[in-house]
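First chain written, first letter: the chains are A, B, C and D, and each begins at residue 1.
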Amino acid sequence: MTSLSNNTLSRWSTDELLCWSLRGIATIAGTIVMLIVVFLIVEALPVLHHVGLLRFFTDPSWHPAEGLYNLTPMLWGTLFAMTGSVLIATPLGILSAVFCHYYAPSVLARPYRRLIELLAGVPSVVYGFWGLVVLVPLIAEIQPPGPSLLAGILILTIMILPTIALMADASLANVPQQYLRGAAALGLPRWATIRGVVFPAVRSGLFTGVILETGRAIGETMAILMVCGNVVQIPSTIFDPIRTLTANIALEMAYAIGDHRAALFVSGLVLLAMIVALVVSAEWVSRGRMYG
Amino acid sequence: MTPVESLTGPHSRHPLEERPACRAPQPIVEIDRLSLYYGDKPAFQDVTLSINKGCMTALVGPSGCGKTSFLTCLNRLTDLIAGCRVSGQITINALDVLAPGINVIQLRRRIGMIFQKPNPFPLTIRRNLEFPLREHGIRDREQITQIIETTLRAVGLWDEVKDRLGSPALALSGGQQQRLCIARALALLPEVLLMDEPCSALDPLSSGVVEDLIVGLRGRYTILIVTHNLAQARRIADYAALFWVQNGAGRLIEAGTAKQIFENPRDPLTAAYVSGMRG
Amino acid sequence: MAETLSRPQNLREWLAFVLVWGAAGLVTAVFCWLLGDIVWHGIGHVSWTFLTAPPENAGRQGGIGPILASTSLILGVCLAVSLPIGIGTAVLLAEFTSDQSLFGRITRRSLDILAGVPSIVFGLFGNAFFCKMLGLGFSILSGGLTLACMVLPVLIRSTEEGFRAVPASYRLSAAALGLSRTTTLIHLLLPAAVPGLLVGLVLGVGRAIAETAALIFTSGYVDRMPESLLDSGRALSIHIFDLSMNVSGGDTNAYASALILVIMLLAINGTVSWLATYGLHRKIMTV
Amino acid sequence: MSCVFRLNRCGSLVTLLTLALLGTLGSATAQTFSAEQLSGKLVITGASTLAPLIAEIGKRFESHYPKVRVDVQTGGSSRGVADVRQGFADIGMVSRAMKAEEKDLHAFSVARDGVGVILHKENPVQALTDEQVVAIYTGKIINWKDVGGKDAPITVVNKAEGRSTLEVFLHYFKIRNTDVKAHVVIGDNEQGIKTVAGNRHAIGYVSIGTAEYDESQGVPIKLLSVGGVAASTETVRNGTFPISRPLHIVTRTPPVGLTKAFIDYAQSKAVHDIIKQQYFVPMVD
C-alpha cells in the first residue's frame, strides 16, 4: 500500500499545516475514548474498592440490592446474543451486497440498497417495539415464555445487518473492473468469480464490516432489553430468556444508587473490556495481511 | 505557493524549442553508487551512471532487475513507498537529489515521469493539463489555454481532442491517454523525462504513434527510458545501459552508446542478451 | 455487470443463485413486514397539523413540531462536529500515517473500541462531561456533541476505506507531477473517496437519528420549541420511546412518529445519494 | 488533552452567552418572585414515571406565568436525587417512598400510584390469593391448573432490580427478590403490559393507572383484585387498595420563590385533572 507518509522531507508549508491540523483532529477523536474509559473507571471505583473485582465473577447471583454482584451470566448472555446474530447477519449481509452488485437487475438494486440504508436508521426502540408485539408472541406460541435468546438474536440480526451489508456493498463497489473482466475472459461463471476473485479482493472491507457489526451487536441496548426477557441466567436453550450487560445497565441505572450504581458501571467496564478483546483479536487475526 | 519562474519564462516564447541537442557529451544527471532496498531486500545495488544532456538513454534488461525502481529514485517517488531505503548519491544539474532538505515538489516538477500504464486523473482532458499548471503557479487563463494547445499539438493530440476538451480523460483510448500523460508532463517544462516502458501497455498501432512522439522529443529533452523492446531501444536511443540480476540484486552490467552496446558489447552478458533477443 | 457474467450453469452456480436471491428476498420480506407495520399503524395520524403542532397530554394528542425542530438541530450539531473531525482523522489514518506507526495504530484501535461502546455509556458520559463538566446543561448542544462522539468511528472507518480504495496510481502520478499533498488530497483523493464517505454518512446519520439512550441524559426530554442550542430539546427517537414505553395510550402517536422518522431518514439518504450522483460527479467525471 | 482545553474554552464561552441571554430574563439561580410576575427557569429531573405528569403540570404553570420555563428531564428516581443533591436540578422527581438515607431532602408528594397484578384477558383465572401470588412468584406453583386455570406453564414477569414498583410489590408480599423465579424481567410499565398482552400464560404487576387505561383501550389484559379489593384508581384513591406508592418531588433546601410556587401549584387542586389525565391518583386532602 502506497501512502504519503514517508515524505517527511517535503518543505511545503501547506502540507505541514495540513498534517499537523489533521493530527490535532485525530487526537481529539482518540481522546474521546480515553475520556470515556477514565469516566467509567472513576464511576466504578467505589464498588471495586470495597467489593473487589473478583466477586463480580464468583458471587452466587446478581442481586445488587442484597450485595450480590455476579456478572458472569450476563457476560454469557451478551456473548451468545452477539455470536448468534453475527453468524446469521454476516452471510445475509454479504449475500445482500452481492445481490446488489452481481445478481439484481439495476431496477431492483437501487431500491434494495435504499431499503438497507433505511434500516440502518430505524431507531432501536422501533425494532424492539416490533419484536415485543410481533416476534415475541410468535416465539411464545412455539415455546413459552417468548422473550428469549432466540428473540434477541433475531432482532439483533435485523439491526446489525445494514451495517455489514452497506460496508460490503461499498467494498464491492471498489473492486477494479479489470478483475471482473479478467475473470469473465477466463469463462468463469458468476459465483466462481465472486468467490475466487471478488471476495479475496474485498477481504479488508468485509473484515471491517464484521468488526463494526460485532461492536454494534455487543453495544445494542434498547431493543434487546425489550425482547430478551432480562432474566439473569446462563441459558440452556435458545428459548430461555437472557439478560445482556447493556440491558442490565439500561434496566437498572434509572433507579440504582450507591454501590448498585457503581456496579452497573462495572458492567460498562466489562463491556468495554469485551470490545477491547474483540479489537485486539481482530488485530491479531488481520496482522500482516489486512493492511500489508 | 510560489509561481515557478522557469515555467512562465520559456512558455512566453515558444515552449518546445530551444532545447539542447545531444552532441558533445555533457552530463546532466550523475548517479553514484546508488542502491535501493525494500526492507532488507535489495532492488538494485551500486549503480554508477551519468546521463548526458539532451540525449536519450535506454535502460534495458530482463524483468525484475530494478530498472523501474531506479527511475523512481531520480524524482524521489521512493518517498511514497513505505519501508523503502535509498543510499548513494544523485546529482541533477548540481542539485543533490537525495539531500534531506530539498524541495521535492520542485524536483518533481523539473523531472517529468511517464508510467507504464497511462494514468490520467479522473478529470476532464482540460483539467488534467490545467490542474498541475495551476498548482505550479500559472493562473492566467489565456496562458493556460495556450499551453494546453501547444502541448497537445506537441503530442499530436490536438486535432483529435480539441472539440472535446471537456469530456473525461478516461474516455480516451489507451494510446491517447498515454499521449495526454506525456503532454501533462511536458506542460511543466521538465529538464529530464523519465519513461517507464511507455509503449508496453499499448496496442501496436498506438505504440507506434507514441514511439514516434518520443523520437520527436529526442534532442530536445534529456530522456531516460526503460524498455524491454531491444529493437525499439536500438532505434531511438543515443545511449544504453544494461541491468541484470546478480546475487539476488539488480546491477548495472554495462553502459555506453547505443551503437557500442548493440553492435560491440564488451560484457559477455550483454552480448548474450543483445544477440539472444536479436536472434 | 450482471450482463457480462453468464447464467448459472452447474449445480454450485444454481445453488449460489438461489442463495443470493433467497437472502435478498428474506431481508426484503422481513423489512417490508417491519416497515409495513409502521406505515399501517402510523399513516392515519400523519397530517400537516401533526407535523407542526406541539405535543399535548404527554404526547398522546397533538403533534411533533418542536420535536422535529430539536431533532434537526441535534443532527445538525452532530454532523457539523463529526464530519470535519471524521474526515480529518480518516485522511490522516489513510494517507499520512503508515500502518505500522504507533500513532496510527493507537488511534485506529481507540476508534474500534469507541465503535463498540454501548450508547447508554455514551449517554452517561455525555451527561457527566458535556452537561456537567463543560456546563452546557441539558441542551441540544450537549446531545449533538455526544452523538458526534458516537458516530465518529463509523464515519472514520468507512471514509478511511474509501481512501484506501483510491488506486495508488493517482498518488504516484500526482507526486510525479510535483503536486503537493494538500492539492492531491483535495482535488484527487477526496472526490475519489466520496463513496466511502457517503456510506459512513448514511450509517452515521442513521445511528444518530435513531439514538435514544445517549440522548435521554444529554439533550433531554423537554418538548417545547427550542429557542437556542442551549435549550433542552426532545429528539424524535426519545419521543417514540417515551410514548411506547412510558405513556399508556401513546402507541398510535408513537407509530406516526416512527413513520415520520423513517421518512426523514429516507429524505436525508435520498439527498445524499442525489448529491453523489449529480452534485459531485459533475466535478469528478469518472466514467 | 488539547481537546479538553479547547472544549473548556468553548464551554466557558457558552456559559457567558447563557448568562447574557438569561440576564434579560433573570438568571436561573436568582429567580425573582412577585405575586404577579414570576420568571426564571426551573430544571426538574428524575423518575420517568413522573416525567410526563410533571411536564404537563409545567406546561400549565408556564401558561399562567409566561416568563417561566419549566424544563423536565427524565432518567430515573436516582438521577433526580443525585441531581438535586449536586444542585444540577432545582427539583427532583422520585416515584417511590423516600428512603432513610434521603432524609436530607425535602420531599413533597404530588400523587399516588397503585400497583396491581395483571393477567392476559383470556386467562380463566379470576382471582388469586396473596399466598398464591407468593407461591407463583417464588416458583412453588408453576402451572395454571394448580390455581384453577388451564394446564399451561406460568410465565412470571418481574421488574428489574431497583425499580420502585418492584420494591412496593415485594414489600407487600414479603418476598425477597433473590427468591423470585422470574421468566421475564422488564423495565417500564408499558413493556410489562405488552409482555403480558403478548403471552396468554403470563402474570405481571404494573401501575394500576396504566393498566386501567390500556384495559379500556382493548389491550387484552385484566387487573386482579388483591386481598379482596378490586384494583382500580378509585380504590387507590379512597385508600382501600393495599399496594400503592407515593410519587414525590424533592428539593435540597426548603423551597422558596419560583420553586415554592411550582411545588405549591403541583400540590394544588388545580392540577388534579392533569393527574387523572395521566392515570395517577391525586393525593386525598
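As a working rule, contacts are C-beta pairs under 8 Å (C-beta built on N, C-alpha and C of every residue); 3 or more make two chains touch, one makes a residue touch a chain.
Because the structure is a prediction, the values reported are computed rather than measured.
Student: Along the shortest chain of touching chains, how many steps lie between chain B and chain D?
Tutor: 2
Student: Among all chains, which one's averaged Cα position is nearest the averaged Cα position of every protein chain shown?
Tutor: Central chain is C.
Student: Tell me, please, which two chains come out on top when C-beta pairs in contact are counted per chain pair.
Tutor: A-C
Student: Would you mind checking which chain's C-alpha centre is most distant from the centre of chain C?
Tutor: B
Student: How far is the middle of chain A from the middle of chain D, if each middle is the mean of its Cα atoms, in Å?
Tutor: So the centre of chain A lies 33 Å away from the centre of chain D.
Student: Using CA atom averages as chain centres, what separation in Å is found between chain A and chain B?
Tutor: Each chain's C-alpha centroid was found; their separation is 50 Å.
Student: Per the centroid of Cα atoms for each chain, what is the distance between chain A and chain C, given in Å?
Tutor: 15
Student: Could you tell me which residues belong to chain D and also touch two or more other chains?
Tutor: 48, 75, 79, 187, 191
Student: What are the residue numbers in chain A that touch two or more other chains?
Tutor: Those would be 1-7, 10, 12, 14, 27-28, 32, 35, 250, 253.
Student: Among the residues of chain B, pick out those that touch two or more other chains and give their numbers.
Tutor: Those would be 1, 79-80, 82, 104-105.
Student: Which part of chain D faces chain A closely enough to touch in the complex?
Tutor: 1-4, 47-48, 75-79, 81-82, 152-153, 155, 160-164, 176-178, 182-187, 191, 194-195, 198-199, 201-202
Student: Contact residues on chain D for chain C in the complex?
Tutor: Per the stated touch rule, the residues are 7-8, 10-12, 14-15, 17-18, 21, 43, 45, 48-49, 51-53, 55-56, 69, 71-75, 79, 86, 88, 187-191, 193, 209-210, 213-214, 217, 277-279.
Student: Which stretch or stretches of chain C touch chain D in the complex?
Tutor: Touch list, chain C to chain D: 57-59, 131-138, 141, 216-217, 220-224, 228, 230, 232, 242, 244-250.
Student: For chain C, which residues count as touching chain B in their complex?
Tutor: Checking each residue of chain C against chain B gives 98-100, 169-180, 183, 187-188, 191-192, 284-287.
Student: Please give the residue numbers of chain A that touch chain D in the complex, ascending.
Tutor: Touch list, chain A to chain D: 24, 27-28, 31-32, 35, 61-66, 68, 132-133, 136-137, 140, 144-147, 225-226, 229-232, 241, 243, 250-257, 260-261.
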